[in-house]
Structures are given as structure tokens and as C-alpha cells.
Amino acid sequence: MSIENPNPNLRVDGRSHDQLRPVEFQLGFVETPAGSVLAKFGKTHLLCTVSIEPGVPRFLTDSGQGWLTAEYRLMPGSTSPRHGRELMKLSGRTQEIQRLIGRSLRAAMDLTKIPDYTITVDVDVLQADAGTRTGGITAGYVALKAAIDKLIQQGTIANSPIKQAIAAVSVGIVAGQPYLDLNYPEDSTAEVDLNVVMSGGMQIIELQGTAEAGDFSRTQLNQMLDLAEKGIGQLLPAQVNAFV
Amino acid sequence: MSIENPNPNLRVDGRSHDQLRPVEFQLGFVETPAGSVLAKFGKTHLLCTVSIEPGVPRFLTDSGQGWLTAEYRLMPGSTSPRHGRELMKLSGRTQEIQRLIGRSLRAAMDLTKIPDYTITVDVDVLQADAGTRTGGITAGYVALKAAIDKLIQQGTIANSPIKQAIAAVSVGIVAGQPYLDLNYPEDSTAEVDLNVVMSGGMQIIELQGTAEAGDFSRTQLNQMLDLAEKGIGQLLPAQVNAFV
Amino acid sequence: MSIENPNPNLRVDGRSHDQLRPVEFQLGFVETPAGSVLAKFGKTHLLCTVSIEPGVPRFLTDSGQGWLTAEYRLMPGSTSPRHGRELMKLSGRTQEIQRLIGRSLRAAMDLTKIPDYTITVDVDVLQADAGTRTGGITAGYVALKAAIDKLIQQGTIANSPIKQAIAAVSVGIVAGQPYLDLNYPEDSTAEVDLNVVMSGGMQIIELQGTAEAGDFSRTQLNQMLDLAEKGIGQLLPAQVNAFV
Amino acid sequence: MSIENPNPNLRVDGRSHDQLRPVEFQLGFVETPAGSVLAKFGKTHLLCTVSIEPGVPRFLTDSGQGWLTAEYRLMPGSTSPRHGRELMKLSGRTQEIQRLIGRSLRAAMDLTKIPDYTITVDVDVLQADAGTRTGGITAGYVALKAAIDKLIQQGTIANSPIKQAIAAVSVGIVAGQPYLDLNYPEDSTAEVDLNVVMSGGMQIIELQGTAEAGDFSRTQLNQMLDLAEKGIGQLLPAQVNAFV
Amino acid sequence: MSIENPNPNLRVDGRSHDQLRPVEFQLGFVETPAGSVLAKFGKTHLLCTVSIEPGVPRFLTDSGQGWLTAEYRLMPGSTSPRHGRELMKLSGRTQEIQRLIGRSLRAAMDLTKIPDYTITVDVDVLQADAGTRTGGITAGYVALKAAIDKLIQQGTIANSPIKQAIAAVSVGIVAGQPYLDLNYPEDSTAEVDLNVVMSGGMQIIELQGTAEAGDFSRTQLNQMLDLAEKGIGQLLPAQVNAFV
Amino acid sequence: MSIENPNPNLRVDGRSHDQLRPVEFQLGFVETPAGSVLAKFGKTHLLCTVSIEPGVPRFLTDSGQGWLTAEYRLMPGSTSPRHGRELMKLSGRTQEIQRLIGRSLRAAMDLTKIPDYTITVDVDVLQADAGTRTGGITAGYVALKAAIDKLIQQGTIANSPIKQAIAAVSVGIVAGQPYLDLNYPEDSTAEVDLNVVMSGGMQIIELQGTAEAGDFSRTQLNQMLDLAEKGIGQLLPAQVNAFV
């Protein structure tokens, strides 16, 4: 990582430009579902619960494979002013995020090893300080693994359908400089916002980059990907440690 | 309390027939909203957040009074099997419960002392083991008081609009005998289910009794009300202690 | 009944505090459905129609029992100003009322005696002067009995699934005093509103009491229950007379 | 009328081919709204209520004219099997009918004489035996006139906005022969169905003809229009007599 | 046709009162569906696509006949100002039109000859200058025939289910005079608007006439029907020529 | 471009791995809106219409800037089997795409130069053969420029709010090899799908990459970006030529 922190005072929480927020996973926060975790990425707090139930969507009937889907919501108290619940229709933002989380976590799975089951990963944001979609993927993987471990322990399934870990982080360009793991004050003024999802083998699973203002070069893209690799390189062992 | 516990072994959690589940309030669990509490009534866990924002519903424009409304949801992971989120339309059950919570908490308030503001109390059930509507009222009052205290501290309002505490408990008849504070195994086999909301002065605010099977006599009603008074008599000081 | 009418002039229609409004049942007002009644409780007029059709909701498939459900609506002309029809979603009030009517009338039935049928009780308020939910239960029972009688007469079923009569009445506290069977001017200024549903054996089936302003004591609750018993004691024979 | 009744036994109710069903108007059936009528066309029974309220739809703001709109519903008990209520969306049939009723009754009115008011005509079918849309127009006019009369009597408006009467009838071709005022058994087997709306001056306001099976010639169209003129020629005085 | 053009300058496009707009059919404009046509009636441009798929609606299961249904939309760019897309619910106008198109085109078909298939005719208005519903029927028939021809060519069906051609045109009374094939400036000021659907044998399939202002006589009806016959007499061969 | 076409026979349409499909823009295909284009990218055909109307969304009131939004739909005949219209709610896919198109085209604009106006870009897919979202952006820019040119010509606005061209293309990895501008057979078997939006200055505006199966390396990302730059380098002059 050769980029110097251009302005060590910029980050309101005192982090260097290539530093993650403190990460914390509290497994089993809710006892009812197969797996659950209360995850904290700095001031972004998420509750992930994973339910596993018989049956697959119609398009997978007799396909020999199971399914994994995700739902995502900002809880009403997670923002100030209050975030009104989405009724009647989901916002485009919510739909995009829950599709991204589901798609990313399916990349963790060999769904043929859990045929005839549907796994639902619910990501509910208790407190929002940016990075909720990437946090949802990283924490969702932890809750998913917890749920699968429980099924194996119970003897419901013999072999784990998990084939690799998945973690994600956001990077961005603020005031012309790349930063890792943006919080809300940074995210809301960023010129570029890039969400990176990677596998345990550090390969790319999903990439979503948007120039909120102006545009970005391939050189800047590479700087941001370097930061993302560094961050994901720390999130992957943190996921493992949650089970220690 | 003259009723002997008819069958001390009936309650799966070892309680006597007139005993509440352990109550716990964790104030400020979420920092974003004006007030919040993570409340536990045995295995029933609720997150209550309270948001206070300028503006009132149209029917109160220029009325000189503010408003308080409540929303209630079972979170997807709060039950097993998973509880699907309500989209497009709320179930009758959800609507009934959130109307009850709102009505009950309005009885705590002198809304003319907070004109031009709307208070929203969100009750989200993290883990469901019966008694979520009465728990939502009891915990909702705690979060409401926390939010009002914050507004006073901030100087937003000078005098508290809270005129009295509100607490609630469920009682019921199981196998012919009255019990206090039913948990799910009890609630699901109860012949009669009675929710009682009372003020700090131990007067009745709301009463909802349903014979799920058979019917009940006025004598049984009085036995149940005796139990409810005992339970609420313990919940009211527990609410106070949350702020110590 | 030991309570003196505190103010004989209070009631706009000249009734004493413990007097029902005139009750009238016109059986067979609509010929199409299995049973129907045009019911008048003073100026509150309701049309109840009962349809009985093969099939049960999914959750009762192969359960050996039938089902009874109710729908309730204020018709547009039943109030002034006009009551807009509920489209897209039912109000919480409508849902609460139709759930109450359905639950109360199911208490009249042994649904195992009418397996594989669904009974729908439609309560449409033609003219609203308060007491529509309790009137809907009382009149709904009459239309239900008419429909069952017809099925027996036609030989569709051999034994009546009706196990007991059900009737309901509203009571309340207006200006500090308890009154039976509130009309709209009374209902809209009542401090307490209590709906009581009882069986033919004068046992309680459902109780819904709300302090609209202030609260109420257990003594006041008992005074209101005394009035409700008196009223239901007159409604039950009136239901019987509808068939004479 | 030169067409001989081709088969005097065809009509199940014994009418000749050019004979209306018995018509009956019961004014003031519901007291709450400005005007109401219970109308019977043979076994087709309709409740029409008319509400008049301040305000106009946005597209008429500052236009100097009022508005008239209509709503139409089959009540659940009006058919056997039960007609499920329309929620979430209105059927195409319902929308077509209520648009037709509204359009036809607007032709009765000079809406510039009732500026800033919206008149809503509600047609609720209590019992359905065909001809409900034309019956709704004919009875709707009666309820509309009753409501306008009341407004004039109350002094709310000085001059009647009604400029002409409106009445409607259905005609059709059954087994190759034209018939007036079809009932359900006829309507459900008709090859052609024609609804005719006319003014008090016997001019055409609206014409809707559909070949349900096959097609029809201009000669048949003229035969049907002759029958419609005969029927409407009797409905117009019946409307007048409702007020005697 | 004995009616003289009362004012040869009235029509903005220079047509005589009994003259159609130029008609053009471009077959196969879209290759994906079974049949398609881009149709132009003057400045009214429509895209009709016809899809044929296995399966019938539930009410036709095991009936031995197939089904034909139609959908109609004004595209957003077809009008100025922009026509907002209909979401959540279709307007009454859209529903009426698509029901009319479907009903009219079913009159072209012997649906027993295409059992177990559903034909969907989509009429999307690219550019709107009045006459879109009648144009949709006329062009819809062309696309329908193209689709059926393709099925026969592919050997999917042996005999054509088409039993007759269907065409439609609008006529109206503008400033007291009857005109054929109204464009938007005429349509928006017409006193009477009459849509006529006829079969290849020049018999009436459907008739929808509305007095937008005032009323109309049977004489005027006959004048309009004469014009409609003239127009449809030219549209039917134009449909045939589309396949040459 | 150093990558050899690994399998010149792979592409069903005979293109080399780094070759775009033939591009065609037909300006003014629909005359009603401010701007329109019928665009063809091989067998993918899109209709883009652009409407410009006074007014801005509420969140921009008094902000001194206008707005641009996009809507996207697959037309029913654009796919086989037929693509059902989205009613009641938009699919997540549709919402994602129209948000992407809107965001990308806003990057073309200085919206402060067109204050108080809302521009709506409608992208309707007539025929779908993959690449509809990137095609919608590329063609949407052409229709947008046509609409702005018209406004300038009409004197409605003095200076063009367009600050740069925007074009987009899809690239992907099929059978392990990178390809430019995937058609449907390629897209449906691709392991990686990457949509790239660039400005006239060849800077990145938006990047959306998804591993449909497996994952991808940064080396592969760079190969795909090279191809995208080549494609966009050809689309930008094609956009200019549309106006020649």
C-alpha cells in the first residue's frame, strides 16, 4: 500500500485512510432462528438472522438445488430523522441492496448440497453510519456459517454447502483521495463510491462503482481496489475469529 | 392474592402462577433516535425506539396538540419458522396491536404540552415468546420517557408532557386456572387471554379479553384482574429503575 | 340494577340509562344468500347476509372442521359526510371489527359439524348511529341461524352446528355515569367504551374496554358489566323472536 | 311496436317480449345522506345514496363548475355464490359500469349551477338479477333529484342544476328475437346485449351494444332501439311518480 | 353517402367528412413474437404484437377451447405532455379499451380450434392522434392473422381458428355534423363519439356511442353508422393487402 | 488490444471477440415528445423518448437545478415467451436498470442550466437480445441531445445543459475468455458480466461487475475494461453521426 494518507485529520474518527472501523461480531444474539449475529462496524450496527426452511421457489422445483435469498431493511430508529418503513413497495435502493447481498452470499454456497431448502438471510440495520450493504454481506456470511454449523450439528445435513467465505467493503474517493471503509460523513461527500465483494481466495465476486460527482480514471480504480483488498484481507480473519 | 398455584409444575419455566418473567431494560441500545430500549421479558425481547419530529397529522393541524403513534412488527428472525415481513398490507393482528400500543401510550401524555410534534414509538420484536403487545406498551413507555428526558435536557421542551406511567401485562386461563404473564407454550393453549393496561395510579386504561375456547365468568374475570394488578404493580417500579 | 339514572334528560332519545334502543329484525330481506336480515337498533341499521360455500381456507385442509369468517363495512351513505369506500387497504378499525365479529360468531358454532364448508357473514352498515360492531354480532347471529336452518331444511346438513346463541352490546361511561347501548352523540363524548359479547348462557365471550379519556376503576367496570348483562338478557330473546 | 312476441313462454317470469319488470322506488330508505332510494326492478334490488359535499377534483379547481361521480358495487350477498368484495383493484366490469353511471347522470346536470360541490352517487346492488347498470342510472337519477330537492329546501342552493331526466334500460336478442329488460336467465344466454340511456326528451345519451355470440344487423339494432324507447317511455313517468 | 361535407375547411388535415386517414401496415416490425405489425392511421401509430403460449385461464380449464386477451397502453412518449405509465392500478379508460379490443378480436376466432393456448394481443400506442382503440382492433386483427399464419406454417396448428375479419372505426358529430375517423383536434371537440366494430360480413360486433355534450337522435345515429360502414368497407381490404 | 480471439467460431453472429454489433440510430421516430430515437444494437431494438416538462421533484424545490429521471421497460413482445407487464410493483431488475440509466445520463448534464424542468428519458425495449441497459444509456444520450437541441432551437433555453457525452457497453467472460458487447446467447452463459459507462473523455462513470459463476481476477477485470474502452471509443462517434 504505497498511498500516503493525504490528510490525517480528514477522518472524523481519527482513522488513517487505509484503516477499517473496529469490527465486532456477537453470535447468537437472537436464539429463535438457525443463525444470528449482531455485527458492529464502527457505529454501523446490523442484526443478521438466518432461517432455513424446507421448500424452494417454483423455478427450482426438481432442480436438485436449494436456494438462498436475502432481505434488507433500515429499521425506523436506525437514522435520524426516522426512516419510515417501506410498505406497499420497496424502494429501488432497498431492492438493489438485498439483491446484491443475496447474489454475493450465493457465491459462498454450493446449493446442490442443500437441495429442497431455502435459506433466508435477513439484514436489519439497527444503526446506520454508511457501509450497510457491504457490512450486510460480511456479517451475513457469519450468520450463514453459524446456521449451517447448527444444521450439521443437528444432523440435518451431513456436508457443509459452504464452499468459500465472502466479505465486502466499501471504498471511495473523498476530496480527490481514496479512502477505505467510508463512514456517513465521508460517504455523503464522496465523489466516487465503490463496493467490492471478494471471496476467501481474494478474487472479485462483485464490483459496483459509481461516480457521484465527476468521474474516475482506471488509475483511481486500481488505487481503490488496492484499499479494498487490504480491508477484505482483515475482514476475512475477523469472520473466522467470530467462531473462536 | 388468595389463589393457590393449582399445579406448580405446569409452568415450563418453573414460575408460580402469579409470577412475572424476569424483566430487563437496556436503555440507549440504539443511539440514533431520541430514545431507545432493548427490553427483555423472559425470552420475549423487544427493541423500542422513539423518534420525535416536527409536524402533526392533518387532522391535528392548528389544534394546539401534538401526536403520538406506534408501529409494531415481528422481525423475521423472531419466530421459528421465519415470520415473513408484511408488505403491501399489514395483517389485522399487526394493525390491532400497533393501534393498542399507540392508544395506550397516548394515555401517558398530555399532548397539548408538545404541540406541533409527532412522536413515533417503534416496537420491533427481536425474539417472540408471547406477551409482545403488553411488553411493547411497558417497554414503549420506558423509551418514551427516555426520549422526553432527552428533549428536556436539550432544552427543546421545557415541561414534560408525560402525565402518568403506563404498564401492561397479559393474564389468562390455562387448563381452567388463572395465570400471570403467559409465555408462548401457555398462551397457545390458553382458554382465555386477557390483556390489561393500567396507569401509574393502578386504574384501567384498556382491557381486551377473549375466550379462545369456551367462555369465562365474571368471577374468573376478577381472578385475572387480581393477577394483572399484581404484575403491573411490579412492572411500574421496574420502569422507574431503568433510569437509575 | 341499583344504579339510578343520574340525569334522565341526558339521553337525546329519552331512554333511561339502562334501556336498549328499539330492536327490529327483518328476516330474508335479501333472497340471494343462504340467510339475511335487515336489523335496526334504533337508528343504526345493518344488513347481514350469510353465504355458505364448499371449501375451507388452506390452514384447515383435512382438519375435519369448517370455517366461519366475517366482513364488515360502513356503506358510503351510512354516515354524513360520506364514508369513502376502503380500497387498496382496509383501515385498522375495519379489520379489528370484522375480526371481532368473526371470532364472536365462531364461538356460536361447533365447526366440526360443518366440515369442508366456509360460512361468510357480511355485515354492511346502511345507517350508522354507533353500536355497529355489537349490532353486527347480534344480527349476524340471527342471519347465521337463518342460513343454518335453511341448510337443514334443504337436507344439506343433518345436525345444526350451532351450539349456543351469541349477542353483544356496548356500554360506556358518559359524564362519569354508566349507560347502556350508546348512540352516536353519547359514544362520541364517552370517557369509557366497553363492548361485551356474551353467550346464551350469559358467560363472557369477549370484552373490549377502552378509556378514551382518563381511566376507569374496577368498580366502574362492574357497573358497566351489570348494564351489559341487562341488555344482553333482552337481546337474546329478541333474537329468538325474529324466527317466530 | 309491430314485433309479435315470438314465444310467449320464453320469459320465465311470464312477461311479453316488450314488457318491463315491475318497478318500485322507496325514497328515503337511508336517512343519513342527502338523498336515497331503494329501487326494485323485478328481482334486481338497488340501494342508491347521494352525498353532496364541498370541494371539487383538482382538474376543476377554479373552473366555476361542480362535479358528479358515481360508484357501483355488487354487494357480497347479491349473488349466489357470494360475490367477493373488490379490494386492491376494481374489476374492469365495475370500473366500466361506474364510469357509465357517472357519465350518464352528468348529462342530467348543469354543473355550473352547483359550483364547488361534488355529488357522489353510490349504487350498491343488494340483489342481482341483471340490468343493474341501467337500473343504477334510472334509480340514481331518482336519488339525485331527491338530494337536489333537499338542498333547495334547505336553501343551500337556489336553482336546481338538473336540466333533464335520465333513464336507461337494457334490451337484447335471445334466441334470435329482441326482448326488453332482460333478467338474469335471459341475459346469460343473450346473443346481443344493448344498454340504452336516454334523456327526458327521448334523445340518446349513451349506447353500448355487444354481440356476445355472432353479430347483429342494423335492422336488429333498430328493433332493439324501438323496444328501448318503449321501456324508457315508461320508466320516465315512474321516476316522476316516486316523488308523488 | 348523401351527406355533403358541410365545411370542407373544417378538417385540419384536408380530408372530406367521409374520408379515412391514410392507413399503413408494416408487418413483422418486431421479430420476437409470433406476429407483429407497426400500424399507422394518419398520425396515430400503434405497435401490435401477438404472443401465443400454452395454457388457458383457470375458468377455461378442460373446456376444450383456447383464449384470447388484449392489453392496451399509451406509451409515455405518445402524448405531449408525457403520459405517465400506469402502475399499481390501470385507469378505467385503459381497462375499458383493452376489454373492448379483446372482446372484438375474440369475435374473429373459433377458439375451440386452438384449445389449450392463450393468445395475447398487445396494443402499444407509440403516437396518439385519436382513434387508438378502433385502430388497435383493426391492427390487432392484422397481427393476429400474421401470428396464426406463422403457427400454421410451423405446423403447430392445422386449421386456422380465424373465422372472420374484424375492423373498427370511430365516427362522431362535430359542430353538428357527422365525420368519419376523427383525429385528436376533432375528437376533443366532438359532441358525440361512436366507435363501431364490424365483421368481414359488415355486421355489427360492438357499438359504443356517447354524447359528450347534449344528446343525439336516431337519425344522427344512422348517419354515423353510414359513415362507419363506408370506413370499415375500406379498412377490410387494407387489412388483406398487408399480407400481399 | 493484445488478446487473440480464442475461438473465432464462438460468436453466433460471426463477430470477433472485440467487435461491436452494428449500431443504428433513427432520430425522430416518434414526433410527439421533445426527442426520440429508434436505436438498434444488432437485434436489440430500443425506443427512447425524452419529455421535458416544467416542475421538479419536491426535494429540488428552490434548489436552482432541474432534474433528469429515467424509466425502463421490456415491452411484452420483446421476448419470447412474452414478457408480462409489470403492474403493482416493478421488479428489482427493472428498478436497478432505470436507476442506472438515470444516474448515468445525469452525469451528462449540468442541471443548474435547466432549472425548474424535469427531463424524463423513457427506454422501451422493442426487441431484446441482451445489452439493453447499456444500449438504453447510449441511445438515451442521443434522444436527450435531440430533445435539448429542440429546446434551444425553440428558444426555450439559451445554453445547452449538456456538458459531456455518455456511452455504455457490456463486456463479459464467456468460457474463460473476454468478449465485447454480448448478445443473448453469450450473456446467458457468461461467467462474468460487466457493464461500463464512460464519458466522452473516456473516464469511468459507472462500473457494475458480477461473477455469475465463479469469480474474476484483477487481470481479467483489466482485460474487460480494455475491451469496454475499445467499444465505447466507437459508440461515441456513432452518437455524433446520428445528428449528421
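Each chain carries a letter (A, B, C, D, E and F) given by its place in the written order, and its residues are counted from 1.
Criterion: contacts are C-beta pairs under 8 Å (C-beta built on N, C-alpha and C of every residue); 3 or more make two chains touch, one makes a residue touch a chain.
Being a predicted model, the structure only gives us computed values, none of them experimental.
Among the remaining chains, not one touches chain C and also chain D. Counting hops only between chains that touch, chain B reaches chain E in a minimum of 3. One of E-F, B-C or A-F repeats the interface of C-D: more than half of the contact pairs, counted by residue number, are shared by E-F.
Relative to chain B, the chain whose mean Cα position lies farthest away is E.
Centroid to centroid, with C-alpha atoms defining each point, chain A and chain C lie 53 Å apart.
Per-chain Cα centroids separate chain D from chain E by 28 Å.
Residues of chain F found to touch two or more other chains are 89-90.
On chain C, the positions that touch chain D within their shared complex are 29-33, 36, 43, 45, 47, 49-51, 53, 71, 73, 75-82, 85-90, 120, 122, 124, 126-128.
The touching residues of chain D, counted against chain E in their complex, run 89-90, 92, 95-96, 98-99, 103, 107, 194, 198-199, 201, 203-211, 214-218, 221, 225.
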